[in-house]
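When the chains are written out, they are named A, B, C, D and E in that same order, and each has its own residue count from 1.
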């Protein structure tokens, strides 16, 4: 490097004097990024404010009790009634059906992939499940209405052409990949030494999985279920398309029911004169929906944090 | 029969290192013992990697057999072959044979679950299940079909006593096993193993993750267990091998270099490499 | 009729010259900009077709967008401070409150009747007993107070089977019309299966022998293979709903169940944006043809003329 | 005192092994359910769309006449939507991720933002629609234009981008940062020149996944009030637009009026799935190609 | 001045182990050298963990100073304090002072970026950026504002020549640096460091991840670089320290036990523990 040493040095020193821009950038960037990060909080606040302001207006006209205990939802026409129970039952029943499909199948899929499948099978199956998870819900809605419903109706003649069963099932199928991949993560996080410990006692793979691995991963698995329920509760297009819009207060899954989300679509896409109770009801329902899913998400986070496996 | 088995020991290992003479020093009492495991020309590959080479060993019942050797020499691989835990690794290929009580265990008709109820295993890192102490011990009996609560209670107590930990945990049987110290956890794992009443217990460096006091307790326990079980223990700790084992096998690069009474190995090893290893010159 | 042809040729002339001489004074030549329409889903097919024709045949430079938020929601968008949509389609007339709001905001509203729709009662093709019903019987079936549950409650010789009653839900102007004008605001049988989507109703009826549903004529016309329409006796023998009986050709024989459908024009917008008025005029001129294509009965020539006069006055 | 009778154990072993085999098959079948449904679903839409997807369909604008109708409008609407969503989510998502990973002090505030992001990820999309309607369409008076829809979608998919960008940034080894700091680089220089370039494949993968989510979303746009008939193509972010899922939605519900609309819906689904498939392939390609370069 | 600095060396380290006498053996030539770093009562904690204890060292320019000591004794911590890289770990607390060319670098007004352009660093594991070789070298000059392509080209060539790797890579300057072997990568890292023409180069076990041949090359390079730079090198390899360094500091448990001319340390260490460590008795 002979005597060239010092040239670059000099240039660097030179530049340093004019490098005030770097200093400014260095000061501005963290603040800018902070503002950006705060946008996510503003989004939540925005949702809350949007929903709350109109919800408050709603509860000025309809009492809290009437809304949450009313079994009749008749937002239009003669003597309108705003009981949210039909929507709640619709939502809960469709989610329950979805979970009946998604939990066992998703969990079994997870167990298969995590405990039984060879690396090769896993490599093929997982991307396919990812595709399944990536299909737009509108496509599933179409599928529920034009494929699943006719099949179900040939099996259950009393089934209405729009019913909560078919979208419930399809929603379940849609959620399978989510349950499967989150549960598989939880199962995969159980250390191999647990499997070895159990196998060394002469346990079969099933006994290892069912009595050791699944219990050990249970918090992650349950968290995946809760997230899946939350997803089902918030799902919109499948039920909108395939479950019709009857505001029945019923537990008969062969009937058409409306979910909270489908109600929102119906009201926003339909007759909702601003300032009318109907219009406000949209926000009250959305608020209920938001609180529901928020609670579910918080529960899921709580479970997976609190009961983080200790092995 | 006994004679034959003794003759078989190591005959295939490179002749110049181990000769039948090495075995001549076995004490008379041991001559009447039954052979638990007998490996015949056992070879094992992890894919291309030849991890066990022509292993011919006889392991006797109601003895403590120590396996020593430098890291990577195949000790764990060897004892995991004895209860076929190696099979969990997909790339493993095995040739040769292993007889357990004279039956080939590599035979597909020998159910691996059956083998493992006879041949228990304790691992390097304590690995209790994330369940209560009670459930940890009762797990084995339960999967093998014992449902009776009273019998289970008895088994749990007996096993915990057997693993010399009953007094420490009897008041907290229903607490999570992960609340215990490492040494206690390891004894829980031993108790869990005892609960299914195996004939043989394999131990893979059972004390390497433990503090000296816990180590001592487990060593004492091994001495105690020897009365009822055959024990095969892998250890890095030369002193430990010398203290607790009756026989010692020295492994190097997947081969058995020397297999003999522990006293003999540690006082007058036949092979230069055994001596080098024991005196800490390598490994 | 004859005036139709005249209108069309006039329209064509406009478009052929329009591209060559884009001058600002001549309102309907070489127009640009957008026309925003929202409102009734019932009128949507009509208006969508109209808009498409306008954009392809008449004024390529104009973008006409058509929404289907529903009559009332549409009025909400229509009646906003600085002017919302340019047109609002409606399957009913503007309400007094809505008109009041318009007055308050200083929005001048021009009602334009565009076509006639017939409330059509449909039954399953296999239903061989209820092909003809009287007006009163139909009303009775849907009235809560009548308590009719089985077909035999309608007429004793009908099968003793439960009636599946269906219709569009409260979101639809069709429901409002049915409830206000036919049932005269009496309660609808609570068992009536109300649906948001017409496709569902079509499907329901086509698969249920005991079903009866009501909806706009257009939905029946497009599904004649799956449904049959009830012929209604208004006192002068059964009348089959079709474009002729709904409309002028057969002297409005179906008229008790006929309703006009409208679009409402924001006159302020029409004065501000030439393309809006141009489209309004185009729509009225072509209303009769497009109506027939989209399942509505056409207006009479007089009605068309009256509308045109009103619009031309705005120029 | 033996509790175990080896004969007994042997006898039970048979049924235990059988159960294990049965379970294994059952689990396998369960895994197949998802795959079978996928196959059926794809077969269905393909067979319904047969004969309907051609150059005309792809290049025609919307029409009420099924023979003339095409989805060029919906495709370009989707394109313009992405023109808004991609930079906005990139900017917001990556910015948030950098803040959380590189600047935020571990503590209450950081975990508050983190929790908030996981919660946002779980908020139903329709609620985002209401937010967009209230804030962008009405509040800012934008109307149902590309920009309003894009901003709504951007917020909706923001958590996906944040989380994947965080993971990508976290995966950049500390020694690369050290190397840069060791040269006298400032924090931002290090992030800009070392961390982000190394994390960019992961970030891109996340963005593509987020975009594919945004492309498929319907519910929020239904709420925003996108016109059902919009023939002219959008030419900028202040134009009205429609997108493929909405087109599918309207064609599906209007199939009662015009039977062929069902085929158009199926055809659009095929096109939509094809685009999503392409995007996912790109994501997988990036993931495989640039994974673990250091 | 020089005298004073020499006196400061180690005076605070426990008196009985290191006395000023240890420094008496410095060769006359070195006496005229300037002090690069001078640490005064330097203490460092990782949270509660006291990692550096009362370090008082003078490090001279244009010398190779080796830091040796068993694992965990604080070698890396020490050299990372010299360019303030330790500050990247949030729990770190420092007391005492470090002077670089007589200015306190712990002073907040001493810009850390400025310090690090003067004091370059080479790490244990080669850590080139996942960019082209050219970009790796040009990185430093670029962030310091040198944009001129021609100048950059010159710097890149000069630095690569300086790191004795120009001939090996001159035809593949635009290929990714990860395509190189570990030893080449490490020399790229050295070249990258040379590109900003630091005064001092810190090296933390720069050869520990390399094969013997690459190690030799780097050792030669260090000898070469010494002419223009002051080098402080941490190494586990006693032979290496002996071969390439002029001075050696022996660290133990966060303290400097002995600091002296390398010849002296390796022939007649003053402290028993130094001797034990050097002869491999522990560590």
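The working rule: a residue touches a chain if its C-beta (ideal position, glycine included) is under 8 Å from a C-beta of that chain, and two chains touch if they have at least 3 such contacts.
Just so it is clear, the model here is predicted, and its values are computed rather than measured.
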According to the touch definition, list the chains common to the neighbour sets of subunit A and subunit D.
B, C, E
Steps needed, at minimum, to go from subunit A to subunit B via contacts:
1
Which chain has its C-alpha centroid at the greatest distance from the C-alpha centroid of subunit B?
C
Farthest from subunit A in C-alpha centre terms, which chain would that be?
E
Which of the chain pairs holds the record for C-beta pairs in contact?
A-D
Roughly how far is subunit A from subunit C, centre to centre by C-alpha average, rounded to an integer in Å?
40
Just give me the whole-number Å value for how far the CA centre of subunit B lies from that of subunit E.
49
Expressed in whole Å, how far the mean CA point of subunit C lies from that of subunit E is 86
Mind pulling the subunit E residues that touch 2 or more other chains?
114, 117, 144, 196
On subunit D, where are the residues touching two or more other chains?
16-17, 186, 189, 225, 252-253
Of all residues in subunit A, which are in touch with two or more distinct other chains?
22, 204, 207, 241, 268-269
What are all the touching pairs of chains?
A-B, A-C, A-D, A-E, B-D, C-D, D-E
Sites on subunit A touched by subunit B in the complex
118-119, 191, 193-204, 207, 211-212, 215-216, 309-311
Residues of subunit D defined as touching subunit C within the complex
63-65, 225-232, 240, 252-259
Using the touch definition from the top, list the residues of subunit C that touch subunit D in their complex.
34, 36, 38, 44-45, 47-49, 51-52, 55, 63-69, 77, 197-203, 218-219, 222-223, 295
Once bound in the complex, which stretches of subunit A touch subunit D?
22, 25-26, 29-30, 32-34, 36-41, 43-44, 46-47, 50-51, 104-105, 108-109, 111-113, 116-117, 125, 127-132, 134-143, 145-147, 173, 176-177, 180, 204-207, 227, 230-231, 233-237, 240-241, 261, 264-265, 268-269, 282-283, 286, 289-290, 293-294, 296-298, 300-301
Residues of subunit E that touch subunit A when the two form their complex:
114, 117, 141, 144-146, 151, 155, 158, 161-162, 194-197, 228
